[in-house]
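A short write-up of the structure that comes next.
Order as written gives the chain letters A, B, C, D, E and F; numbering starts at 1 within each chain.
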Amino acid sequence: MMKSIMLFGEMLLRLTPSNHQLFIQASQLNMVYGGSEANIAVALSNWGEKTSYATCVPDNNIGLAAIMQLRQFGVNTDYVIQQGHKMGLYFVEEGHSIRPTEVTYDRQNSAFVDAVPNDYQLEEMLGQAKWLHVSGISLGVSKQARETTMALVKLARQKGIKVSFDFNYRAKLWSIEEAREAFIEILPYVNVCFGSYMDVLTLRQEKRKVKSFDEKIELLKELQKEYNFDQIFTTEREILDDNVQNLSCAVITATEHHKLGPVRVNVLDRIGTGDSFVAGALFGLANSYSLQETLDFALSSFALKHTIVGDFQVASKEAVQGFDLNGEKVIIKR
Amino acid sequence: MMKSIMLFGEMLLRLTPSNHQLFIQASQLNMVYGGSEANIAVALSNWGEKTSYATCVPDNNIGLAAIMQLRQFGVNTDYVIQQGHKMGLYFVEEGHSIRPTEVTYDRQNSAFVDAVPNDYQLEEMLGQAKWLHVSGISLGVSKQARETTMALVKLARQKGIKVSFDFNYRAKLWSIEEAREAFIEILPYVNVCFGSYMDVLTLRQEKRKVKSFDEKIELLKELQKEYNFDQIFTTEREILDDNVQNLSCAVITATEHHKLGPVRVNVLDRIGTGDSFVAGALFGLANSYSLQETLDFALSSFALKHTIVGDFQVASKEAVQGFDLNGEKVIIKR
Amino acid sequence: MMKSIMLFGEMLLRLTPSNHQLFIQASQLNMVYGGSEANIAVALSNWGEKTSYATCVPDNNIGLAAIMQLRQFGVNTDYVIQQGHKMGLYFVEEGHSIRPTEVTYDRQNSAFVDAVPNDYQLEEMLGQAKWLHVSGISLGVSKQARETTMALVKLARQKGIKVSFDFNYRAKLWSIEEAREAFIEILPYVNVCFGSYMDVLTLRQEKRKVKSFDEKIELLKELQKEYNFDQIFTTEREILDDNVQNLSCAVITATEHHKLGPVRVNVLDRIGTGDSFVAGALFGLANSYSLQETLDFALSSFALKHTIVGDFQVASKEAVQGFDLNGEKVIIKR
Amino acid sequence: MMKSIMLFGEMLLRLTPSNHQLFIQASQLNMVYGGSEANIAVALSNWGEKTSYATCVPDNNIGLAAIMQLRQFGVNTDYVIQQGHKMGLYFVEEGHSIRPTEVTYDRQNSAFVDAVPNDYQLEEMLGQAKWLHVSGISLGVSKQARETTMALVKLARQKGIKVSFDFNYRAKLWSIEEAREAFIEILPYVNVCFGSYMDVLTLRQEKRKVKSFDEKIELLKELQKEYNFDQIFTTEREILDDNVQNLSCAVITATEHHKLGPVRVNVLDRIGTGDSFVAGALFGLANSYSLQETLDFALSSFALKHTIVGDFQVASKEAVQGFDLNGEKVIIKR
Amino acid sequence: MMKSIMLFGEMLLRLTPSNHQLFIQASQLNMVYGGSEANIAVALSNWGEKTSYATCVPDNNIGLAAIMQLRQFGVNTDYVIQQGHKMGLYFVEEGHSIRPTEVTYDRQNSAFVDAVPNDYQLEEMLGQAKWLHVSGISLGVSKQARETTMALVKLARQKGIKVSFDFNYRAKLWSIEEAREAFIEILPYVNVCFGSYMDVLTLRQEKRKVKSFDEKIELLKELQKEYNFDQIFTTEREILDDNVQNLSCAVITATEHHKLGPVRVNVLDRIGTGDSFVAGALFGLANSYSLQETLDFALSSFALKHTIVGDFQVASKEAVQGFDLNGEKVIIKR
Amino acid sequence: MMKSIMLFGEMLLRLTPSNHQLFIQASQLNMVYGGSEANIAVALSNWGEKTSYATCVPDNNIGLAAIMQLRQFGVNTDYVIQQGHKMGLYFVEEGHSIRPTEVTYDRQNSAFVDAVPNDYQLEEMLGQAKWLHVSGISLGVSKQARETTMALVKLARQKGIKVSFDFNYRAKLWSIEEAREAFIEILPYVNVCFGSYMDVLTLRQEKRKVKSFDEKIELLKELQKEYNFDQIFTTEREILDDNVQNLSCAVITATEHHKLGPVRVNVLDRIGTGDSFVAGALFGLANSYSLQETLDFALSSFALKHTIVGDFQVASKEAVQGFDLNGEKVIIKR
């Protein structure tokens, strides 16, 4: 039987007014589902990778709707538990041009946040897994979620399952100090890391601006050395005018590093782009792509997600592979 | 300066899929605001009554949107406090014909639920009040909300302000036993009561079906005697086929009682109809209508609300007064 | 060359909130076009009858949109003039069950209302006409519109063109007294009349309720005699509960009269139903149907329009003819 | 490993204007997916029954969207093949009251219609199956689809797998004569049959109206005898005014028969109701319910589907079981 | 008691098709409310400034909806009168890139246009005012509105209330000649002026292009000298490609002048941006900001409004203050 | 009687999810109608040119809706035939920035595709025509459509009617080899040609990139010579970042050639832009514009269509003429 990539984290319902309205202007909300690890699970499964996702959703019609969203993409939901009453939510006021997008969280005391390790079938979850991916968000939302995450990570390493980790620091969730303490605990168990130079500074309790991408890569090289990661991946975003951005990325191993980019893109939906980069990188690793091919697939996924609404990267494998980073622009296929 | 009717309770954001969809079918949600006491405040203010409403909403863009909904109807929001992070929500799957409407609450740990008496300006809230209205929901959502409600009610009676109370029992919020204990504490402070024979049975710890409206009125007469309410109001709903209902009501005082109805109505939106009855009755009392006129206005408001979408009774005073309970049907005014 | 039915009157843009909302609840409006004579023109043309419609719309993008609505149904718009700045509008709050639909007009000083007879090509308009239809609304909206209507009617009779007229009394437009004076002026020129017993009472300056349809028909017989109409047609509407109505109709000539109905219908959109009856009757007359067949087609059109949204009767000729007044109910055709 | 119910047939995309509009009035279409056997698969799977569905969808983004709809309900789609270019479509003009719903098919030359038996993995499809369900539609859409259906049915019987069959006659697809010939071929292989007295008359080449439900049941008893079905199920629909219908059903075996109903329901969406009855009956049989319990579950599912939009029966097992055929009406659960 | 800023002018209902459609393509219209002075009142009140707005709306459900829009932002509407039948409207076809936005007015004979000075309570309106703001639009829509405006302005100066004025020349409303005569009458009463070099040329009866911002400022300096305004404010707009604009502004007093900008912005909604600049400047003056701080707040408000749909500037005070004219770009806050 | 421009080709219904959604994300589709020759007919007729369009639509409510779309713009539809069952459809996933728009056709076996020459009234179609326009799409969709097109073209030349032709090569419809054979057959009958250098390479069986516009024009000059076209028109599109494009065009005759452009435009809807260029050129020729004026009108139409949603060029003649290729930017007209 084929082994699968297991992901664990919170699934959220995103509620967004249409047409860049503020909440005080709206009378309807668009519903999409997301959450960093769910986003990655959907992309991987949609590309044909065997994928399982574990989370806790409330035992009601809202939780059921969340599960159905995952299942339509083929994600295995056997380890999703249904208990409690509250779905994690977030409200988004989509910005435009100089006006930033504003996120309002309503995820405290959610079913996931309140679930304890014993609520899950930790052993079974990893029984068919070849890989485990988690993120810093699960360390930050509650003591219980952090315990579950750490239990999973440790168990995975015992079983010889590779562990990947995305820092995913969210300033509205916890302080840098709280985060640092949790990061230090988890990093020794991590094989593949996704992060930014900001995370290195957090770990070092430094606060300064770093401008050049090369200098940022240097900081990440030091992190790689400290924890001996198989790989550490990072993205770089140069914000031009009018929602136009230049996107780049890099990967660092003990022996080499590669940069790729930039790709210029006009943003339709920024949310979930980081996750689509992670998904692309994991897909490359899972399919034994070369590091260069992995970066190419990850950057293509990252760039294309900026042009897709919703948290999920729904571009097909063919669309991601067919995207030519340096190629001629095709505007219509008919 | 004119004195106002003060209302206290939780405001909620209602999220509803269009066209009777279940949550698992929906990709958009309609937003309306409600909450029993807010609904009454809006109706009273819209009819020209000076009205103030106190609640606690989160200190974010969701809470602000809720306040703006009240202000547009002229409700005084000076005593609305903004703190905490969570707006009380409820999700509604609108039923149709034989399929009941399904409410899923997400109101635990909301800003209102967690607020304590000291967070409010209780003295100031009643400074310009001639009347205070509260409901059983505020007794049930949390210990703190119950304390605030009781403090307000006691303070009102000290100041000679009339107190009205609506039992508003919600099975998804608390058990009958918990509710009974709270009802027994508050009823001695109540001048005007809104309830049903079910509430009398709850107080008596009885469980039985009562079929005839007259028999139900008898039970309420006994309650009136026990607590010596100025008035106790009640509504009666006979459900015919196809969302068609016969609506009636009654009022009981120490010396008299009146019944009115039925009015036959096809339901567009059931939610908030009970509140529109309360609003109608309070409006009659506040304007020194006779008991018969009060019942007539309250039943007209009750019936018309069934044909209006959203929790708020937005029919104008002229529309309510102009509704002829026994008159010819007018289908278009042009 | 085939001769056409010419219609003259004001075209209006109807703006309606969705889902029975009041105006104060709405943030979007649905746009449909209407106007009594335009509605009839559209139905006749859609059924294959050669039809021309004359009106005046503003010389801007709003007026152009109105013309395009007519053209899509094949109505000849060569005699529609474009001048002035204001389109006649009406806002509709759709009622439900016991709550009546509320119309708010914004048609004063519209392009049509301000146009004078010389603005139109009266001679040319009737050059290819075999029939002229006008209604009481054009007599009521302005002195100029009344002058144009009277000029057309007189010219038609001079040319031997048949004239049909629908009283169409609107209480929000003018008083009964003003209307009566205008009706008395036009009736001598009318060949085929559409009206109700209320119009007879208006002419007689009487005010009383008439309950039975037979008694109403008696009043209309007297009107037929007085003006020697070829035919006078009338409809009868019994309002049952819940938007359910029983629809009947009758025709009266110098020598005979026929009743048809009732058909029971649940109303989706009441507006324009009277016009769809007129269209049905004119279609029967234009195609030399027997009086019985004419009534059958007119009542079928009348009934079906109640189930169609918008002012226009868009049911096909086959749908109207195929409707079996007494037949078995078909709920789906597949 | 648990065995599954296998279903085979065409999946369709339904396109419907909003608010009962005709196609000529519409500028947007709602998308839902359906098809008789897909509808049954979704209901069964949603109720927790292991279910697999085989069909052929085009190898493009439209076909993919169809598959995802099934997967979200947990239906196994391993045997769905993707080839060809055309999705079967149908356009629906939703009727209202006396106006019937009108279906316009666009399914000729679809991927499913053109697929031949060899395109499918017939052996594998039945490898894990305990039951096979097919319908008359697959016999009617093309010679190839009929061949595939017959091959499947024969193979199932060879393997000892029970076969159920729904006549599902569609007048817009084929003539009664063509259908009769195909029905005669398949019936000997059928264990459980779903049909109406009309199908019996078709087989007998008779044409007459049968009014009473008991008389209809007599006709079906004779069919049961002829083919010795384990069971034959039927539904009965009395159309009252205003989209209100009385729904009944019956089951007939060699030794007994039962009737149940009527349930009175106001229709929101008629399409897919027959399939929800079949799903309910199959669920009862699969779970060893008594015949009475099976009828009860099937009629509850049938009735509730009338109040749900879309082709799929999405009511939960709890909602279907909790529906009390004779009970008190509950209008809101909160 | 705190004194308020009083604004007077017409409120309008804006009707706009979605997604940049032309009117001939649309079947729905979005409703937002606006009007130069209403826009300013809403922004000031939303930022916490005590604000009152006087206008005349029709005495119907449309006028009521307009008032409610103001009230939700906390604007005092005690001096809004309700009489007449017509709401001022404007239809907008939103342009895109090289296609300009097209406004079609329907405001002739509106309730505001027809109201005369005696319809208002001029004395009371200014009773609690510390400031009065009016604009050139009110001088242009009718003789009556101009009379009311002039009466208010003169009364304000008598009472020692500061007067601000925005030229707001609209070519579709009146000719340059008509406007010039009215401007000359009002300017002697103005303390704070908002205008452009075009207005100076109008006053001088000159017609020429001025390219450089500095040259434009020179012209405004001369106007400041002529009328001895406390301040004159102006904005400058450089239109780059693709809806991208560079926004600047300046203020001129007897002794100094300051320029600020440019800020580059991609436009979501251009309408109401000038008003949001005025609101920002008045807010700075009312709160004793320095001229530099005032310009900064006004330009931030001006720029942010370009990214907000609708006529109203609904960005919070915190969002305006937090906008860093030269700062790093923040694209999401989470 | 004025002669008309006759166009022949397939009309299609375009179905598009909102807001750049992929098909798997959508639950609603926007409906617009198109087809290369229909698009040109609508533009010409909307600008006041007498225009007739012949096609074949299915004999159902979908085909009728298509005809009505044409009629609203004044296009003569007397030669549209209604037979068969299938409307040609195409589904569009609107791209954004680096993600290309994806077209999925569903037009095989459509009513148009299956119609044979004898189904049309070829003689009558050209009876009142002064011009005939066809495109390569009709040569590619079926043998029958190609036969009809060739019959029409030959008949036109016999009658002395000018023939224009647009290559319109679509890679999803046929191979370059198939297309080449058909092009070689039709070109001798063509007076005015619309094409690109790619078409020249196709005819020559060459495959290479040509970068400069001048070099492309050289290739087209050779084509002009070979077939002695009155004119050959071409467009040039430079794709900048972010949906921004530079648009140019050229015309070549036996004796001269002209280039015009570029115009920079931000694209709202790319589909139908080529047709709007053809319409502009034909309009210039039909109205005896100079070649320079013709190019100017054609390029203005081409550029403006990029800012209009839907396949139809609905910009008015005034808007196209008023567009100043080199002028100052106007962003709002009010």
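By our rule, a contact is a pair of C-beta atoms (placed from the backbone, for glycine too) under 8 Å apart; a residue touches a chain by one contact, two chains touch by 3 or more.
The shown structure was predicted, so the numbers you read here are calculated from the model rather than taken from an experiment.
Common neighbours of chain A and chain D, listed by label, are B, F.
Think of each touching pair as a link: the shortest run of links from chain A to chain E has 1 of them.
Farthest chain from chain C, judged by C-alpha centroids: A.
In a homomeric contact, the two copies may use the same or different surfaces; for chain C and chain E, over half of the interface residue numbers are shared, pointing to the same surface. Distances between chain centres, each the mean of the C-alpha atoms, put F farthest from chain B.
To fit its Cα atoms onto chain D, chain C must turn through 120 degrees, a value rounded to the nearest 5.
For the pair chain B and chain D, the distance between C-alpha centroids works out to 45 Å.
Note on chain placement: the centre of chain B and the centre of chain E lie 41 Å apart, centres being C-alpha means.
Computed centre separation for the pair chain B/chain F is 62 angstrom, with centres defined by C-alpha atoms.
Counting partner chains per residue, chain F has residues 22, 24, 27, 68, 102, 105, 242, 267 touching two or more of them. Pairwise, the chains that make contact are A-B, A-D, A-E, A-F, B-C, B-D, B-E, C-D, C-E, C-F, D-F, E-F. Every residue of chain C that touches chain F in the complex is listed here, in rising order: 68-69, 71-74. Here chain A touches chain E in the complex through residues 19-22, 24-25, 90, 95-103, 105, 170-172, 239, 241-243, 267, 270-271, going by the rule given at the top. In the complex of the two chains, the chain E residues touching chain C come out as 15, 22-24, 26-31, 60-62, 64-65, 68, 85-87, 89, 91, 93, 102, 104-106, 108-109.
Chain C contributes residues 242, 244, 263-268, 303-304, 306-310, 314-315, 319, 323, 329-334 to its touches with chain D in the complex.
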